[in-house]
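Two complexes follow with subunit A in common, the first pairing it with subunit B and the second with subunit C.
For the complex of A and B:
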């Protein structure tokens, strides 16, 4: 319930009520300034000798976490979109039920289980973590791609055909742009899941923001646990908000009549 | 020969490749050493060749005309083949086992797992074409694994390494099972009540919809292990303030609290969606009949929304089964405790002992709720 404001108070209210700047600012401030909070943690946990995690700097942990998520998500996006496209084409349509059962099956397999099974087989460290992250990242993206392409109305596809576009042109210029917001929301889910899975990956020896949590839990150092947990939570919330912003931007056309928007856009672009 | 089922063809191709390309079993002198592989072809000798009988319909599956009875035949063959594979593994493990004090371990190899999954998918694909009502399909899908379950319960697989781990950890396994069920059960009740209350609130007050779902979404975004960690501090402080409450930073309370928080979003979303799909005329008719708001809720709105609400509960439950696996990290027990113990010792079979029951539990919970939904939807009203 925002009061009816005008001018700069309204602008201020809009910024203050938006979680993105807050979570981003808190993430940056805590990543860089955690050592400065030493007196606070020392006061909260007087029994601890080392109240602030110091094995690695938090900036290094955030970077390691993000690069692991970025690498796995890049592979997952490429694979997931291709897979989703393929099962929506005539050539792959027969495989869609199989693929959907695989998706349903994977829901009952918790990510930590993939990590735990992969680690003894291929060794501890980043490798099992990346495998689990790619596998888990792939599914929501493929699902999003399928849902996105399904959401393109048949009439739009017919209009594209009527304009003389061949299958590939129709895919690139009409169907994919229309499906983009839904695909993006699949990517969003995937990245958020991966930020969580990368946290657990420190149980199999990968260095991520989960390391302070795991070390803190096994060493009864609650301060470490809190430091890792707060940063991971902020990282996930910030990423989620960023994706939300991107989705809004991509989905802006949906406020107009969705049915022929893609074809209309193509007409505009090609100047016909 | 015409290819009617490209999916079956792919599965058959993968089946042949994994039968020849990957070890079916691995055999090691003790539980910590990596085993040497044993090929499937080396095991199929003499009377064991009868096991290949159900493979014949499976190989033919891509070329069969799509009929009800051919689908059923493929599913039955796949079910027998699954049982045969499992029996073969158990039988060979028993043959290789030394005396009662022997440390020898025979484990499933990659080939076994792939063949098992592929046969399961073949059965799944074949049954999908039967077009029965949803509930009967779910039961048929589960029945495929009946013979394997019977083999497991009959004790014929005891020489396999996973079951040796089970024999060694029987007490902690039973404890983990009980605790895991406890975690899921105690999560479902408050998540169901609170979640449906939130769903109802957002249905009645559309202004509340934005803030409520923003908060629930943010909670869902936080990785589970971080949420467990964040709850340690506050709950430990509460426990110190009120020692009689039994609250503590680790153990059951933070795990239940976190699992409940995660369960709220699917439940609230399911309730809202269920209420929203109600035809507008229904409320008007209920009002016209002179039902009070309370009667309207209990007799009209909730019964109509129930199937969709239960789908929300299904997501909550399956999610809780998986998330409870991590609760072991904060000392709440469950199968995660066994899994992490195996992980620390690099003992794959102990890890599997902690993972397989969770997967089976998730599938069972999912099937249970699927059945419930299909029963509710069939009921004419």
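For the complex of A and C:
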């Protein structure tokens, strides 16, 4: 039960009850303020000479990590959605079983193994890491796309065709909007996994939030490991909540109830 | 308007439609009826090329349907199926506006057309245009489905079991609505159903199909009084034929206008079948009749039910 508040206290209460601003604030505060926590880490790990990771600023690591995730996820999204679309059309339907087994295989290779194979061939740095992350991220997106398109009722597709929408119009006006929530939840899963997996890119020399973790593990510096891991976790939590927001917006029409009061509330929410 | 001549369609080596000959003239309400798998839906879908026929010729407005671009052809024909056919992510207004938008009508014209259609189907425009399909009852959804099919003022209305998923009360109301729209617009309507009462109540021509062939076609009266075979007799309901005949005529046709009796009245627009039911339940042999405005219009005698049949 929320207290009966009005005006700005009500708005404040609503913001305070929302986890997104909290996790975002924690992320920003820890990224910029990690060095200030030096006394805390020194007290927790008195045996360490350097209790806070200092080779790079955490802000630079977060940016590098994010850009690696953004690039690999963008490629995985484009590839996964297009391939998912293609195998659901008459032209590509024959390839669907093959495509699904290939995807399952790509998922069963540990990304570390992909890195171990790719790094000697194309060299160290970001390129092998990107390949591993894209391969690993494709499956949930392609599966989400296929499941989303499968979930569109055949009758809806038929009536779209019967009313005179051509294949392309039926796809972007009817099928994709109806499939969007399922596709988006596939993208959400893929991106969240990607944020965690991108840490291993640091084993082949790319700078990410994995750097303090890898260096901490090899140098028995648990403080480094914690600093990297906490930031990765906060990044994942914040992104997950952003996706939740996006899903709510996409599915807004579903949650309108049968009364005019519901319709009025919807207008209010979307107008905010 | 629509001419089938020796049209066939084969699915997996089985003839779904077998050398069908059928002419549906302009302005007629034709009902295709049959058991499931009789080829009635396939026949309907060949008209707007959702199914392509294999042999014979199928003409629309004098021209082979294959000479039309499929999308152009479909936009000239309204299409309505069971209520699940509304686009769930679009409002009532967007759903109705589907075809006008495809035809690039100007926005104000689309808006006016939506208002007009909502009024035609007795849905208050201000209240319903912004709603989503899941906020409507089954009957309201189907009204929107019919409005959407009518939106671009098509030459032909194709309806595939449009009222199949509705409860009997709502179905009867929508059938009445369709009869009114047909009388008002004079559109050619082809309707598929498996409900013989719906067919007898709506159809000007009933086309009874079985295994891809037409078993009999004709007016409801012809089917009831001159069934071509035992199959037809069974289909129209052997022991109920008399009752169904009564359903074809209205109380107004048999009313004696110069008489008046007391008691609870019956509307002149009711069918004689409903009148028979009223005679039996009220245990009377005379019923007062009132017109649409509720004014006394005369008396219906029980013995007059027998008159002028066949």
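The rule we apply is simple: the second predicted complex is superposed on the first by the 234 of 272 C-alpha atoms of A that agree within 3 Å, B and C clash if a C-alpha of one lies under 4 Å from a C-alpha of the other, contacts with A are read in each partner's own complex, and residues count from 1 in each chain.
Keep this in mind: a residue touches a chain if its C-beta (ideal position, glycine included) is under 8 Å from a C-beta of that chain, and two chains touch if they have at least 3 such contacts.
All values derive from a computational prediction rather than experimental measurement.
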Partner contacting more residues of subunit A (subunit B vs subunit C)
B
Looking at the overlay, what does A:162 touch: subunit B (first), subunit C (second), both, or neither?
second
If you stack the two complexes on chain A, which partner ends up touching A:13: first (subunit B), second (subunit C), both, or neither?
neither
Looking at A:174 after the superposition, I want to know if it touches subunit B, subunit C, both of them or none. Which is it: first, second, both, neither?
second
Would you check which partner chain A:204 touches, where first means subunit B only, second means subunit C only, and both and neither mean what they say?
first
Under the contact definition given at the top, report the residues of subunit A touching subunit B in one complex and subunit C in the other.
none
Residues of subunit B touching subunit A in the complex
5-7, 10-11, 121, 124-125, 128, 207, 214, 217-218, 221-230, 232-233, 236, 249, 318, 321-323, 325-326, 329-330, 336, 339-340, 342-343, 346-348, 351-352, 354-355, 358-359, 362-363, 366
Listed in rising order, the residues of subunit A that touch subunit C in the complex are 153, 155-156, 158-166, 169, 174, 177-178, 253-254, 256-258, 260, 262-263
Subunit B-touching residues of subunit A, taken from the complex the two chains share
1, 19, 44, 94-95, 97-98, 101-102, 104-105, 107-113, 116-117, 119-121, 192, 195-196, 199-200, 203-204, 210, 213-214, 216-217, 222, 225-226, 228-230, 232-233, 236-237, 240
Subunit A partner, complex, touching residues on subunit C are 45, 48, 50, 71-75, 79, 81-82, 84-85, 87-89, 98-99, 102, 127, 130-132, 134-135, 148, 158
